[in-house]
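All chains are identified by letter, namely A, B and C, in their written order; residue positions are counted from 1 within each chain.
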Amino acid sequence: MSIQYILELIGTVVFAMSGALAVSEKDKDQDWFGAGFTGFVTAIGGGSLRDIMLGSYPLVWIQDTTLLYVIIAAIICSGLFYKWLLNLRRTFLLFDTLGISIFTIVGMEKALSLGASPEIAAIMGMFSAVMGGVIRDILTNEVPVLFRQEIYASACLLGASFYLGLEYLEVERNTNFILSVFLIIGIRLLAVRYNLSLPKFNRFRE
Amino acid sequence: MSIQYILELIGTVVFAMSGALAVSEKDKDQDWFGAGFTGFVTAIGGGSLRDIMLGSYPLVWIQDTTLLYVIIAAIICSGLFYKWLLNLRRTFLLFDTLGISIFTIVGMEKALSLGASPEIAAIMGMFSAVMGGVIRDILTNEVPVLFRQEIYASACLLGASFYLGLEYLEVERNTNFILSVFLIIGIRLLAVRYNLSLPKFNRFRE
Amino acid sequence: MSIQYILELIGTVVFAMSGALAVSEKDKDQDWFGAGFTGFVTAIGGGSLRDIMLGSYPLVWIQDTTLLYVIIAAIICSGLFYKWLLNLRRTFLLFDTLGISIFTIVGMEKALSLGASPEIAAIMGMFSAVMGGVIRDILTNEVPVLFRQEIYASACLLGASFYLGLEYLEVERNTNFILSVFLIIGIRLLAVRYNLSLPKFNRFRE
């Protein structure tokens, strides 16, 4: 197993846990199945949407059932260590940030390898990272994560553009991967720490 | 027409009616188009999602326009016999249960025939059965059917696993089909009758 | 550039603007990214869903990045001229109507060219026109545009059927295109002007 595959598994675990915990936080009486389903969809949603849009079959989790078992294990752990995990919000934020960073770059590389143009690949990278969470929020009737105030998906898009820039400058791929992932992590953590947000859309309103 | 095709048509009719009635129950002033659209999406949603995820084209309802006309007929009937159908809730539950049972096993068999692994095929069977209803609930801003208390999608998943077990034991396919469908129906009806639900996700919470 | 391509671009611009303005109308503090994302999804959602359902790859906006830049430009304009655009509601309605009319006929022609049956092609035309708006409404937790009272998607379906009828009568394609687009525009504007709606679904209720 390559380091990258392990990183992807970590991202998948974090997304599965965030989905399972989100639905049960919202509805205290939620059963195992509802929590598990939401965790599952959160973990596979972004990558599946990317692959469906690119017409790349079979979908990753359909080909590699390891992912399925990792997701199931993550959900069972979330249920067993429910209380403990909810107290870990800060650590969790770190893992979620790691998850979206890795998914962005991995997703973008996949799109590039399928022949997508750089602009499209950057969007696909961001989709891989955030659409699982968007689907989770739609299922649980929450305001999608994209519309909340902190910088989130835009950090992914920025990191993806950064990667494309370094690739253009012929920076070696592994170095580029690590730098871009760290850039996304940095932006996201700074945004949370200092409560940074993008300019308002309607600021020219009278 | 095989018996199985007739059973699938019955499932489609029930899903179309449940969609049309759901939206007009929620909004008393809903017009024919809104009700029809929701019925249509409920009927084709699960199977379409399964086929899109498996990359199996053309989608069933795009290839076989009989389904389209059956859905339209079902929606017109729901409108004409609106009051009568709403009084039939108990019969309706029976048909809906029949619908999800058949769709689960048919959907799983299709996934298996396309080369999906057993675990994935079971999930695809469940998706075929329940995702139409989930899309219906998202469109109408309801809490998705998956997150309500009674056993629903989990019965489908259990029935699918049961089928896979019997197939492994080399039970003849038609017998297996009937036994698995009846198992799903049995679990679902018992769950409704005795108000059974799965364990809560957060029961280890202090 | 053909006239038709220019018309499609206009449709795309209008959809992108309507998405961006919708989300920032709903949440006054929405940032640029949230508004842009919604505009983007509104503009590409309908066509992407059509192509995914028909298995037609690559998706239009993935192949033709001009669309991407047109969408980005439209969103920036919406932000800069926010106040002015919101005062233009009447003009906007006109453009939106032009947008759905063109998308319906273009989407239907594409489905026909991919071998879909006439009924399916009409549905695909309507999907192209309205599903972007439906996804926008799901993301922003609004009642989907389909379920509001005025004639909207049904005008698209009617225009698509009209086109199919004229095609059957061997009317020349360009004439047919223009007549069908104008029919949709006419129905929609009359419906808004005189507040027309379809019959209620449950009107036989006691």
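The rule is simple: a residue touches a chain if its C-beta (ideal position, glycine included) is under 8 Å from a C-beta of that chain, and two chains touch if they have at least 3 such contacts.
On a predicted model such as this, the values are computed, not experimentally measured, just so you know.
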Relative orientation of copies chain A and chain C, as a Cα rotation angle in degrees, nearest 5: 120
Proportion of interface numbers common to chain A and chain B (over half same, under half different): different
Computed distance of Cα centres, chain B from chain A, in Å: 30
Chain A, residues touching no fewer than two other chains: 52, 55, 138, 141
Chain A contact footprint on chain B (complex, rising order): 52-55, 116-117, 119-120, 123, 134, 138, 141, 143-144, 146-147, 149, 151, 153-154, 197-202, 204-206
Chain B residues within the chain C interface of the complex: 20, 23-24, 27-37, 48, 52, 55, 57-59, 61-62, 65, 68, 78-83, 138-141
